[in-house]
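After this come two complexes, each holding subunit A, first together with subunit B and then together with subunit C.
Our next item is the complex of A and B:
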């Protein structure tokens, strides 16, 4: 009846029960902390070029490079159960046939200091990151984003190979909260309890420009982005 | 300890008990599978391509029903590629069109390039039917046992053997 095996079994059973209840409790605390994300996003310089968007692209196609400015306050998303915040900006548009398209143009992984050591960084960058929040396990200030004339990480394409002069495109700010344990959450269209929907976070409608000819491409880009960045500094 | 073996009725009861444990586990798994509409509603992360969100050995709970919204950009999905055995957990970064015919492109957060290279030859996009489920919940580290079991196959035999022996020999 009381063999060492049953004792071991009981201890292990009790351990898993406690761990499970504790995990469920931690996950449930997310519902109690208010979320008030907000953001302002607008486009800067936009270009459409024909070429190979990646080194492994097999064919030449049109792709759009959308520079943008973003000012966001996502600090309320950082709690003790936040492992990382994945912030991403999508370009959304509707094709002439009425089909919806959506593509990520920029993303960023923002870890809570408790997860800094898991980031894939070089030793120098890692040291800097760890130092930026020394002694803290939660760093809400990392949720304050301020980007000006930001270059996109990904150029957008369309399976048809054509994207120039697409009308009614919007940029949209999204986030995904990765918890240490529990349910993953994304930005919501409607509020839920103390979690508010994103305030702002959508750009005005814009139209992609016509295809840029290769001659004078570099010069033009430089001129445009410099004037644009000057403009964006004005309130 | 072996006194139980003297009574055939006892042995039969123990074997039944062992069978019950196994079938309960199997039924719970399949039940969850039906609720989530996914062939494998719980998966263990095998690679570091979604770090720092997911590490090797973390447990993911999947959901494959599109009750309120379609699978869309930003969702983390588990998908299968033709002729490749191991399912992949990555994030959807592009979606063209909607419904079953939507073309989806995925990328691991920790990878530099998107998944075009991982897909089958000649395949540029995923379809909804390639997806096994979207990640809805996360439990760290618990699945590491299965990684150990698959990397050291003798552990599996040893564990099954010990478990079977213990259940059969256990006296109430």
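Our next item is the complex of A and C:
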């Protein structure tokens, strides 16, 4: 500590230690805040059509468009350490051969006010988003989802190219909590401490309908083909 | 004249402090940074606002840097008392 430079080194060195310990403390507070997520999800209109699901599809294949309704309460997932919540819905089924299939049909990023500025939004929408939680550091009410007859973001296909009349499909609600400090956590099947497993969040079993006749399909395939989302669809 | 000025500049940049000052600087740095961490955590937790936690933490760290790094006069209150030149031992030079 005899010269300014060694003092700078020493103080900065200890600062990194303090920052790490502080981060560990912050991450640990998550374990103490109860999580009670719940949701009700059901399918609305389902269509299976044959066409090119994406503009880069090289061949025609069957794809399903599953509209759904979702009412979820994920407000307990918003704490002071929550940066954002990634919510997504998958369609799950087991193939006759025993392979499990799971495909994301819809997703959404819900930010806590502290992360609003990170959203990829235009200036008007950004202003609106920031105003919706003015003066608040946490916005649990954003975890209340009410979707009715929601159009899926992603239509689903199967490597075999056939998906019509698939039986025993369920829709499942998932979430991924992304904290400011700490590890990512997903919805759990079993409770862990004060973190409860998701209540509900799975739809009844349903069967995908038969392939839609040729007459009705032309228009549908065209406007679906360009709706690739900007956001990542990886859960 | 120019040499004197350069010496002064070098002294300021090097920022040497005495032994007692070094002991105190070490202690203050540890204390201030630990306190900063504790206060930042509590402010953030009580107000449930991680942004405030971050700013309190960074502010406290900056304050610590300002207190510790420059060679403030209170780090130089116990200068080493060197023996006057040629006083005790005659090394043969004089």
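Everything that follows uses one rule, which is that the second predicted complex is superposed on the first by the 213 of 235 C-alpha atoms of A that agree within 3 Å, B and C clash if a C-alpha of one lies under 4 Å from a C-alpha of the other, contacts with A are read in each partner's own complex, and residues count from 1 in each chain.
By our rule, a contact is a pair of C-beta atoms (placed from the backbone, for glycine too) under 8 Å apart; a residue touches a chain by one contact, two chains touch by 3 or more.
Nothing here was measured: the structure is a model prediction, and the numbers come from that model.
Q: Using the superposition on subunit A, tell me whether subunit B and subunit C clash or fit.
A: In the superposition, subunit B and subunit C stay clear of each other.
Q: Based on the superposed arrangement, let me know which partner A:180 touches: subunit B (first), subunit C (second), both, or neither?
A: both
Q: Kindly classify A:203 by the partners it touches after superposition: subunit B alone (first), subunit C alone (second), both, or neither?
A: Neither subunit B nor subunit C is touched by A:203.
Q: A:155 in the overlay: touching subunit B, subunit C, both, or neither? Say first, second, both or neither.
A: The answer is neither, since A:155 touches no partner chain.
Q: Which partner does A:43 reach: the first (subunit B), the second (subunit C), both, or neither?
A: neither
Q: Mind telling me which of the two, subunit B or subunit C, contacts the most residues of subunit A?
A: Counting residues of subunit A touched by each partner, the higher count goes to B.
Q: For A:69, is the partner it touches subunit B (first), subunit C (second), both, or none of the two (neither)?
A: neither
Q: With the two structures laid over each other on chain A, which partner does A:18 touch: subunit B (first), subunit C (second), both, or neither?
A: A:18 contacts subunit C only, not subunit B.
Q: Rounded to a whole Å, what is the shortest Cα gap between subunit B and subunit C in the overlaid structures?
A: It is 12 Å, taken between the nearest C-alpha atoms.
Q: After overlaying the two complexes on chain A, where does the subunit B footprint on subunit A coincide with the subunit C footprint?
A: Touching subunit B and subunit C on subunit A: residues 1, 3, 5, 180-181.
Q: So in the complex, which bits of subunit A are touching subunit C?
A: Against subunit C, the touching part of subunit A is residues 1-5, 7-8, 10-11, 14-15, 18-19, 21-22, 25-26, 29, 79-81, 114, 137-138, 180-181.
Q: Which residues, counting only subunit B, touch subunit A once they are in their complex?
A: Interface residues on subunit B, with respect to subunit A: 1, 48, 51-53, 55, 72-76, 91, 93-98, 103, 109-110, 113-114, 116-117, 124-125, 135-140, 166, 170-171.
Q: Given the complex with subunit B, which residues does subunit A contribute to the contact?
A: For this pair, the touching residues of subunit A are 1, 3, 5-6, 23, 54, 56, 83-84, 86, 88, 90, 95, 99-104, 107, 109, 111, 115, 118-120, 154, 156, 158-159, 174, 176, 178-184, 186.
Q: Across the complex, what residues on subunit C touch subunit A?
A: 13-17, 21-22, 25-26, 29-30, 33-34, 36-37, 40-41, 44-45, 47-53, 57, 61, 64-65, 68-71
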